[in-house]
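For reference, the structure is listed below as structure tokens.
Letters A, B, C and D name the chains as they come in the text, with residue numbers starting at 1 for each one.
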Amino acid sequence: MPKNAEAVYYSDYLKLDRLLDAQQPHSTKYGAEAHDEMLFIIVHQVYELWFKQVLHELRAIHQDFSKPQLDDKALYLVAHRLRRVLTIQDLMNDQVAVIETMTPQEFLEFRDYLVPASGFQSIQFKELEIRLGLTRATRIAFDQQSFYNRLNDEDRNYLEQLEEQPTLFDRVDAWLARMPLLEFKQFKFWDMYQQAVNDALDHDETIIRENAVDAQQLETELAGIQTNRDNFAALFDAERYQSLREGGAVKLSQRAMLSALFITQYREEPAFNLAWQVITSLAEMDEKLTIWRYKHAMMVQRMLGTKIGTGGSSGHDYLRRTTEQNRVFKDFFAMSTYLLPKSALPALPAEVRDALGFSLEITHRSV
Amino acid sequence: MPKNAEAVYYSDYLKLDRLLDAQQPHSTKYGAEAHDEMLFIIVHQVYELWFKQVLHELRAIHQDFSKPQLDDKALYLVAHRLRRVLTIQDLMNDQVAVIETMTPQEFLEFRDYLVPASGFQSIQFKELEIRLGLTRATRIAFDQQSFYNRLNDEDRNYLEQLEEQPTLFDRVDAWLARMPLLEFKQFKFWDMYQQAVNDALDHDETIIRENAVDAQQLETELAGIQTNRDNFAALFDAERYQSLREGGAVKLSQRAMLSALFITQYREEPAFNLAWQVITSLAEMDEKLTIWRYKHAMMVQRMLGTKIGTGGSSGHDYLRRTTEQNRVFKDFFAMSTYLLPKSALPALPAEVRDALGFSLEITHRSV
Amino acid sequence: MPKNAEAVYYSDYLKLDRLLDAQQPHSTKYGAEAHDEMLFIIVHQVYELWFKQVLHELRAIHQDFSKPQLDDKALYLVAHRLRRVLTIQDLMNDQVAVIETMTPQEFLEFRDYLVPASGFQSIQFKELEIRLGLTRATRIAFDQQSFYNRLNDEDRNYLEQLEEQPTLFDRVDAWLARMPLLEFKQFKFWDMYQQAVNDALDHDETIIRENAVDAQQLETELAGIQTNRDNFAALFDAERYQSLREGGAVKLSQRAMLSALFITQYREEPAFNLAWQVITSLAEMDEKLTIWRYKHAMMVQRMLGTKIGTGGSSGHDYLRRTTEQNRVFKDFFAMSTYLLPKSALPALPAEVRDALGFSLEITHRSV
Amino acid sequence: MPKNAEAVYYSDYLKLDRLLDAQQPHSTKYGAEAHDEMLFIIVHQVYELWFKQVLHELRAIHQDFSKPQLDDKALYLVAHRLRRVLTIQDLMNDQVAVIETMTPQEFLEFRDYLVPASGFQSIQFKELEIRLGLTRATRIAFDQQSFYNRLNDEDRNYLEQLEEQPTLFDRVDAWLARMPLLEFKQFKFWDMYQQAVNDALDHDETIIRENAVDAQQLETELAGIQTNRDNFAALFDAERYQSLREGGAVKLSQRAMLSALFITQYREEPAFNLAWQVITSLAEMDEKLTIWRYKHAMMVQRMLGTKIGTGGSSGHDYLRRTTEQNRVFKDFFAMSTYLLPKSALPALPAEVRDALGFSLEITHRSV
């Protein structure tokens, strides 16, 4: 206990007077309190508290990635904090079960008193999306129009100013792009890699031809292989890569994509392990957000059927449409398209391995 | 212990010699065992054991619903067993996290040895789908073609014969349709109900007009209201209802739909509580199956990217497409479209309430 | 939307200005903010919000049970709300994983600034315990002394006044005790039941004698059987029951215990199903609270080892000791001691069954 | 697909004929099948499959730790596989909810047919315990006697032979003990550390004296501090440490304990991160096993009350007693007793930090 510190009391520390006075059901304005409005308020407030915590972590991570260089201890912290975010996301996803204990009829008892408030007005959630990298340009069309038009001026300005900043996606892309993974002297890694991937795709094509159950399936799947071949070839051709990117097939820059592929492929090397944890966690964050949106869409459908939400729109359809499109780190998620089994992987030269590796036991012997 | 019974030994009872000898990795045929193939096998075997248990419950439930009449104790058992199925589904959904501990590269070490085996060949899962009511006619087009063409004759025959039987959906529909809920003498419930729903839809329309943020949204949402009006009106018009049903907008028969609506609306009445639990559980079963398919689709994408699965098809796309369409009990799920708040609900006449209710405390006083 | 209502804005409705301003880390008073203090605050605030919601439900349930009679619709609501409490408890138990993402060292960065605040000062949690029935008399010795001595006057007075009120346990006991389940004319249920239980205990004794692996085990287990015989005999002897109760072996009154046993035994009868759900849920609430205390004890041990908590006591030991003793509804939990298999159960006379049962299908035919 | 490979069929690969034929309810021998016996069998079979998988991982980990040296890539795999084990344990813990859907009465319908089989006869679970380090000497007294006496000769021999082998605990202890962490030349780490811990304990003593609520609490807590002082002093005194160890207060050898403390304290250093993940995961494995035993004890109590289990013993009491004592890696769990906040930690000399660290970005620049 620091000298001269005052004794701390639990409820003062947690500001419980403020916190526990912030539940003001509107149903009481129009008659008896609807018993379940308390649940509705508290469930949303808990989400907002978790959003605040997730933003607290994301801002710190964002800041670390914004430095000219990210040293190994900083990377450890980034990985640690991303795991925390994932743990909170699991809890948020399970929390849908709590609101589902309210029946549609119980909701109808007070729903009308909330018009036109809407979860789409959660500034923290929007900040979370924008900060990750879901900026105006990348949103689905409906959302580009309507993302802002239910907000008051202060909130809209705050978010629009945020849209001007580099996102976490931008920073992660830059971090990957500046890694010198692609310039090993005399180590023609990518030549070997291209050959190995092509062999694997030839192999897949053989499997398809031998196992297709009808002509239509054969055609569809051969077309899929060809797309893979084209995309993979484009990884090494700046111009073709750029056109893939403009078409929305990939989001990362070319150099960042290659670094991410290298890291994923050699994640067991100590030097890459933390970086791999980070890109994996970013992909999982996307995945868990997607599941959250999906569960929310189903909950809204169960609650309202095809009725309109309090904000005057059919939230269910919106949520469903955004489920898939709103992935920021989808390139990490789909990385395995080009992964090779370890047995097919070009061996790293000894000098490269030495530069990457170290042994806990050996290192210390030498101190 | 029954007389003359032999002493039972744990491993004999559970047939552990058979069970624990059923993991035969194929990688050992071609070289060293791929460490992670064991996980792959066991995860799928655990799923198959749970499928067996779920089918054990569903068959019993199916049989109960196939009787001419379902008494109250049978209905209690149906509700109890459906809750068990839901609990198992939660576990199956969480189990995806276990297979996700295998990295794509670890999978690539043995994936080629499994061609063209595929999860689509799980007969138990297909039986589960068919038994619930996902018959050939209701599958998505791709599935109608390919559902059977990877199976051996025995498996195909088994399933095709199953497709001839009335499904659980059919039985549940018949059970609801034969309930005499719609024929209360001198109680014009549905007249009152129609008026109340129309008032509610008028009310929604007002909200939309007052809160629409632009003309396009207004138009879309008014069209939604009109669809609801049309669908609701069709509930009471046999001909229009039939055309809704043929168009796929609803699955239940008209009488079953009205009974389900009545039960949902008055679920607090003791007489309806178990029936409401049953239809809610059926909707949740669908929902949890959907989440299982969705998580599986994402896991497959993470594992293979856009590569083809061992069965020679892009399982990811298939799973994603079926996620939404394959709901059997979607009418229960969307029931809240026509729900009224308790305050707007027509009061049941005393004689009807008396017929439905009983009081634990009062009843016994009279014994 | 009610006429003349003002448009509602999400952040106003949820009082987000207050809610999101209630996180004031103390580390900033003494230097740079400890990054993880935010997590510590928010995790505790979320718990307090859930406590508020649980109390909201428990107070309503408590009030229902305090009425002279609990009708069937009220009982439905009680069961419904208890399920909600259980769902929230599951989430609170899983939430321990979030605080576990903070390492002990991260906690040490700000722990000293919180002295002597302590989770034992959570008035809402103490209200929850007292309201359930964990009053001063039933707490473990350590707790009787220290329960109040860290509180300020206002908080202490509030809780002491609450200790004067009948608890939920008291009300549930009275509800069970006044059920007329024990007075069926000419139906000597309990005579038959006693005989059936004695047969079952004889049977268990035979199993023990035939399967004991050594003399010591035999002795221990036969003593266990004798205790069961004595306890069971005491159920029907007011004086002996009273002495069991004074010794702490049972908590329920004699009549309440017998009603609970009857309900559990015949829970499939429609008339008892809701009552059975209620007593099962109360037992589960205890169980989940126990797991919460247990997980908390382990988390505190991991965080502090055997160091003292911020409140100046070794919270870990305390929590561990209370894990077992603090069960309020333990009699419901142990009910299966005296349960019979359905095959051994005395059949209810037709007149009793008729009074209890009703059939959804039959009932309505008669309307 | 390898050349000449035969096409693989899903049900052949998974040996479904064997797997799905291994459920043979005993109730059918004595009358109609008890519906719920299937659940009972399948739940236990699923546990056995997961045990097989956990053993598959533990054996591989055990083997790695048995090598003279564990290089960094092997350590990565150990950490990866331990995480998988933890994920499976989470699922096994949640699986208790499935067996809880069986009511005590449903269990009574077939319980008698299983006598005297018992979960204590699961050889795989016992192997898991022994392999981790829960050997005869460390079991609680009851268990030392009865651990083997329900097994057939083959099973008993298998486990007794296993008890002769070095356990995973032994191997982990040796791995930690041989780390050269304690011999930095001219870096008097442990001198500084002792001083810093003593300061922290003085600090705790002050807090206790200032905040004790009564004399008894003061005495208890000061005694606790003194125990901590003695234990900590013993860490550096081979003779006193040995007597702590013989008394059961610690399990690790002195050198292993100091290495584990060092690693925990400096886990952010890249060189220690994987090692820290490993010791943390081992502690979590213990914790999750403890929760599994605890949930099982509660489930057995709910199912049987104080009745005896099918194996003729009161499983509930046994499980409860073992909950706490059977921790193998408890020293890792309690490590935070001696942890210092980063601010109080002696700085590592530059030469030591350089030996430990590396930077992803810098390293590669130099290739």
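The rule we apply is simple: a residue touches a chain if its C-beta (ideal position, glycine included) is under 8 Å from a C-beta of that chain, and two chains touch if they have at least 3 such contacts.
Just so you know, these numbers come straight off a predicted model, no measurement behind them.
Using the mean of the Cα atoms as each chain's centre, the chain most removed from chain B is D. When the contact pairs of A-C are set against those of B-D, A-D or B-C, over half line up by residue number only for B-D. With each centre defined as the average position of its C-alpha atoms, the distance from chain B to chain C rounds to 32 Å.
Note on chain placement: the centre of chain A and the centre of chain B lie 30 Å apart, centres being C-alpha means.
In chain D, the positions touching at least two other chains are 1, 7, 112, 115-116, 203, 207, 210. The touching residues of chain A, counted against chain D in their complex, run 1, 69-73, 75-77, 178-181, 183-185, 203, 206-207, 210-211, 268-275, 351-352, 355-367.
Interface residues of chain C facing chain D in the complex, by the touch rule stated above, are 103-105, 108-109, 112, 115-116, 145-146, 149-150, 203-204, 207-208, 210-214, 216-217, 221, 224-225, 227-228, 265, 267, 283, 287, 290-291, 294-295, 298, 301-308, 311-314, 333-343. Taken together, the chain B residues at the contact with chain D in this complex read 1-2, 5, 7-16, 18-24, 26, 30, 35, 38-39, 41-42, 44-46, 48-50, 52-53, 56, 60, 80, 83-84, 87-88, 90-91, 94-95, 97-98, 101-102, 112-119, 121-124, 152, 155, 310.
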